Amino acid sequence: MMITWMFGAAILLPVLSGLFLLLRRGKIQNRRLKCVGIFLVMALTALLAVGLICSPDYELTVWRLTDTISLTFRLDGLARLFMGMTVAAWTLGGVFAFEYMKHEENEDRYFGFYLIVLGVLLALDQAGNLVTLYLCFEMMTLTSLPLVLHNMSHEAVMAGLKYLFYSIGGAFTALFGIFYLFANGLTGSFTPGGYLSAGTVSYTGTTGMTLFVLLLIIVGFGTKAGMFPMHGWLPTAHPVAPAPASAVLSGVITKAGVLAVVRVVFYMVGADFLRGTWVQYTWLTLALITVFMGSMMAYKEQLLKKRLAYSSVSQVSYIMFGLATLTVDGFVGGLAHFIFHSVIKDCLFLCAGAIIYNTHRTRVDELRGIGKEMPVTMWCFTIVSLGLVGIPPFSGFVSKWYLAVGSLGSGTGVFTWLGPVVLLLSALLTAGYLLILSIQAFFPGADFDYADVKKHEVNALMTVPMILYAAATLLLGMFPGTLIGFIQNIASAVL
Amino acid sequence: MNFVQNFPCFSIVLCMVAGIISTPLKGKGAKRVTLFIVSLVALLSFVTLLYILFTGTGFTYTMGRFPAPWGNELRAGLLESLLATVFSLVVLCSLLGGMDLIFTDIAEDKVNLYFILVDLLLSSLLAILYTNDLFTAYVFVEINTISTCGLIMIRESGRSLIAATRYMIMSLIGSGLFLISIAMLYGVTGNLLMEYIHVEILELAASGQYQVPLLVIISFCTVGLAIKSGLYPFHSWMPDAYGYATISSSAILSSLVSKSYIFLLIKIFYCVIGFDLIVQSKIVNVLFVFGLVGMIMGSVSAIMAKEIYRMIAYSSVAQIGYIYMGIGLATEAGMVAAVFHILTHAVTKSLLFLSAKGLNEASGRKRVYPALQGAAFRNPLAGAAFLIGSLSMVGIPTLAGFISKLLFATAAIDGSQRKMLPTLIVLEVSTILNTIYFLHTVVRIYTPVGAPEEYKDVRIHPTPGRIGALVALILMNFGLGLFSQPITDLIRAGIEMFA
Amino acid sequence: MGPNLALNVEEVAAVILFGIGFTTLLLHRNMIKKIIGLNIMDTSVYLFLAAMGYIEGRAAPIVENGVTDAEYYINPIPSGLVLTGIVVSVSVTALMLALTVRMYRRYHSLDLDEILIRMQREELK
Amino acid sequence: MNSACLALAIALPIVGGALMPLLRLPDKKRNLLIEILVLATSALAFACVLRRPETNFVLFHLTGNMTFSLRLDGLGSVFTCLIAALWPLATLYAFEYMRHEERTTSFFACYTMTYGVTLGIAMSEDLVTMYLFYELLTLVSVYLVMHPMTRKALRASRTYLYYSIGGAAFAFIGLVFLILYGTTTNFVLGGVLDMEKVGGNVQLILLVYVLAFLGFGVKAAIFPFSGWLPKASVAPTPVTALLHAVAVVKSGAFALMRLTYYSFGTDFLRGTWAHFAVMSIAMISVIYGSTMAVKETHFKRRLAYSTISNLSYVIMGVTMMSPAGLLAAMCHMVVHAVMKIGAFFCSGAVLHQSGIEYIDELNGLGRRMPFTFGTFVIFSCSLAGIPLFGGFISKWCIAMAAVETAREIPYAYAVVGVLLYAALMTAIYVFTVVVRAFFPDRGSVTPHPEVTDPNWEMCLPLAVFAVATLVLGLHSGPLLDVLQSIANGGF
């Protein structure tokens, strides 16, 4: 009973306070009070979420849409992992935004939707069956749309629409698969290991068709994760959104696609069903293409936030690649990379936001010598960049290690070695597009004129989240044991 | 011999007598005589119909005292008396509906002549319906032609003169062909009475003699009557003739005259040649094709027409196409459908012409479409009548046209497979075309805005005669639509009496 | 064929005349010529009928010498038909001529096409 | 309940509407009278549905075995309830909407008569009766299209007329064939074809079915014959909303259900080339409608194209030729009716309050008319098939039916694909409106800053429909149960 209440509160509290904020838009004059209120809501939600994370597994059927379609939520290891990441990223991003959004218009609307998306994401993380997952997925798309088009320039609105249509299109593609699976008997809630491999349900679909719809689901939900060929929205949408929004978009929302794929593949169908089939190879191929292509595009890109967006395209597909190997190590690597990349990319976007907020510079070549102006920001930037490249002892190294191990042990023919090669190549490119920034920022070269450079760092509301993220990158890289153990528990259940 | 058996002959003679009486009378007197006689004829025909229904068989009536095979005979069956009833009722309604206009359109000293012509026309129509020998048929066909010509040209405008001329020329060609076919038939069989010819022809057919002359006879006769009834390529006289005569003439001509020839043709098919022989001769296929083409071309011309009367006249071309299509199906069901459509068309076309006149009066006597904008509000009765007539032509259930369409379609499906699809498709295409021109006009007359200023606020109050005629025709339309079962049964029984 | 043609010389003549009359009626534009064509056509049919109606060796159907046996006379109907036909054709011709006069008075032409053109011109005014 | 009540329910609005112009009442009294009339009819209709008369009601005999007769069965009840529920609300909306128009009396007369005729379609016992009401529907509703009396409206009304009557002409062929080859023309679930009579003419009958399908499909705006619908959106919004989203077009879809499930019979049709043909037609219509809707910038016309696509969802359900398909078709019929009439009313409210017709002029209007656009968001989500809203449920049903059918006929998978393609297009064409209304480009001007939400007469229907959409989405179990039993022949 207590859990039901906590569950309801964790979702409804942010949603309702977000709605309240939207309805009282522009009516609350005292900004400080408002920010404190929002912070309290987020903190309370985080507490509730932590409470849920610590509680034992449960499954709640909240409502029945029809006799066969129910809205069910369940808490398991995967849900805990995602919930934890979500509240953490959200709270830090929120704090950052208190300062960042000062000079933007319509901040009430921003915070209103920001809170609503938080609630929806918490629900999404705990979605217990296909329909609930799909519902939350759509809701997330719709409610996060205002975050993307926040600044309302023509460009932003167009980007927002692009985001919307890619996401919805992807979701509908996946819906085809959901229809098929559901109509043929896969109506239950998510179970580790899935139904088909275990044969615990009378399934009437044909193998060929099931494989096909699985590919559709992977590509469909993969849209959110920016997987080739449906990655087009990501580099358009991220740069136009406000920096804290980009951070959570890239750090958390893209991962929702990963979550959905994991749920379907590992919790409905079962990895064994997929292993060795053409769908697995296609999935691997798509993931690798995305990894490589994302890095290349990021390397070529001159706009800072867009570069980061391409980087996200590439990095999220690391996760996809790990999952696609269908091995325990790959799975662990993937999910670990999910956490690490979230932390890192959140931080990178916050740094970019801080730079934009402070100096209004958006292009990479304008950042020479900025290390002198904003040392804290750039240090954080450098630390997490190293993490992303995968240099020990930073976190990215751990996940990439597992990914490589998983790939080598997957028995997928050419992919066993091609995977690690591409990952390495991409890591090199990552170094190329991120570290070069740090180098230019701190060592602008002899001809750089330091005369009119003053140190003007952003204030604590912005630096603290960045520092926390950077610290997390380092700590997770040095002491990954707990996290990896936790993920290994999940992996052993599903594989 | 029962007294009732004299009625067909009486009707014909009465009409002629009415014409003779009308000669010295003035217009008003002639009108009274004619109306009386026409009503009387309707009554007599109806009694005949009841009598035949009651006795269950038709009868023949010998004119003069010459016994067969020489004399002239009338023959009354269910079909003849039914058509006679409907025809005389339609004549009555048309006259009543256009009465005020007869007196304004026609020079005062000629009004009585008009009524004489109408009497003559009705008598010839009745004679064509009832006749049982080809000689009488020919004579009355010619009388029909002459009186029709008179009815067209009596309103002395340039167009009506030319229309009459064109009508005469086409008609004379038709009657020439008809006449020569009669002559050849006589040459082959030595008889003019239908039954006797039929017997001879059956023998000839059985023995295989005279195949070619027989074919020529059938073709001449069919083509001659087809020309006279205005089947598609021979229709050019119709629009002018119907469009520019006084309105009663238009109503009578379009709904009755050509139908009488068609009925004569049907009668010849059954009673003279024999239906099986006709089917073998393939002439029905020719009729079928021309019927189909006529359905489409008539409608297309109607769509292109710029005046309401010409539109209705072209629609008649299409409707005659329907009837020939029904005949061309060469089945009994097709024939029933054709005869039923004769009735439908008779009551609908006269309704349309009369109501179109009403609309025309409400629009400053202009006939072009733009002038008719909103006319139904200026003359509500005429508007409603035109609406109902149009809906019937389009084939909305509960109206006569729907039943016709239904019968045609059913006949087509029951009949030969080769004719089924063309029939159905053309039927539906023609329905759509009908919709286009009829309902376009309906929409226009019911559009309350955009009427020209000068007669925007005109309100027409129709004469009692007009009201009565329109209401009667509307009721007949609904009657045919709602109680079609007894009527089709009647027609079927009538056709069986032929054979 | 030859002997048949020679035997039925009236019928052959009738058919030829019919053709002439028919085409004249149909194709000539001049009203008067049309009417002449009409008459030729009708006449040919009467010739045909009369030829058909005559039976070799019988008398006209007028009772002569008190003989009432039907075998003695020819069938009166074709003759009657011819007579009636002549009457009809006379009246039709009269009607046509009357129409022609009317039209000539109005349009000053006997050419049907010309009349049509003039009529349209008149209506346009 | 006496079966004469059926006839009464039909006659009441027809006669009442026809007499309305003769009474010459002042506007207020007339409106009151009409609302009472409509409500009474609805009450009667609901009463008929709840206490269904067991017998039929014969109006009169036509020829032979053809009668004009009324009878309420399960499918008819669904349609009856649908229109009986929507009509009073739409009428209420129309009072406010038409306040400043001319010739309102004749408008409302036809509007009310259309109600009766539509009920007639729902309550017809056989194909002949339905054909009669089907034609009448065209005739009474054409005046409503031409009501603005502009050149455009007149042209649209003519187009509507030609399409509809032309369609009926082809439906007529089906009617005649059923008279000849059926045991009866009455509607019987499972079909009435007499297989002995059909004999070797199977191919012919299939062809006829396709022709009749196309014929009745004209009203349901299937692809090659959908041209009239977008044009007809020149009509006043209450007409576009009620007739061209519900009454008229649903009559077409309803007729197709009757034709497929109750006349020709699905056992006869399943798996034949005709089945593939009609399925393809439905799919093409969906694709066409949704794609054109994206292209269209006129608000009402966009919704009209959306109607084309959504109606063909219903028809896709129909063409699944299974009880599940019928269930899905009925479900989408109901759901689409509620959400599309709501969406149209939103567009009408915008037009009425601000005169804006084109979507690119809607910049920021969401702020000015929060209620209207708030409800529009609900309708949009429902149209796009987002869970929690009604549209999702019906799409779910269609997809389930399609997957089920696809086990035998793999072609039906294409239906699911088309469904999702259309869903994407739907999302595009509705959410662009929402985004424009709530998130205008910076620098674009909000026109008519003084515009507000309309008064209660227009808002009440909107609220009701929005709530209905949500309820259908959240708690559709009972509805689906009823529809399920109808589709299985239980009613």
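The letters A, B, C and D name the chains in turn, as written, and every chain counts its residues from 1.
Here, a contact is a pair of C-beta atoms (placed from the backbone, for glycine too) under 8 Å apart; a residue touches a chain by one contact, two chains touch by 3 or more.
Keep in mind that what you see is a predicted model, and the values were worked out from it rather than measured.
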item	value
Core chain by centroid distance, with centroids computed from Cα atoms only	D
Euclidean distance of C-alpha centroids - chain A vs chain B, Å	84
Rounded Å distance between chain A and chain D, as computed from the means of their C-alpha atoms	43
Mean-CA-position distance for chain D and chain C (Å)	67
Between chain C and chain A, distance of the C-alpha-averaged centres to the nearest whole Å	103
Those chain pairs that satisfy the touch definition	A-D, B-C, B-D
Contact footprint of chain C on chain B as seen in their complex	70, 135, 138-139, 142, 145-146, 149-150, 153, 156, 158-159, 161-162, 164-165, 168-169, 172-173, 176, 179-180, 182-184, 186-187, 190, 192
Complex interface listing, chain A residues touching chain D	63-67, 69, 131, 134-135, 138-139, 142, 145-146, 149, 151-154, 157, 160-161, 164-165, 168-169, 172-173, 175-176, 179-180, 182-184, 204, 209
Contact footprint of chain D on chain B as seen in their complex	391, 394-398, 403, 405-406, 409-410, 413-414, 424, 427-428, 431-432, 435-436, 439-440, 443, 446-450, 482, 484-485, 488
In the complex with chain B, residue positions of chain D that touch it	60-64, 68, 103, 128, 131-132, 135-136, 139, 142-143, 146, 149, 154, 157-158, 161-162, 165-166, 169-170, 172-173, 176-177, 179-180
Residues of chain D defined as touching chain A within the complex	381, 384-388, 392-393, 396, 399-400, 402-404, 407, 413, 416-417, 420-421, 423-424, 427-428, 431-432, 435, 439-443, 473-477, 480-481
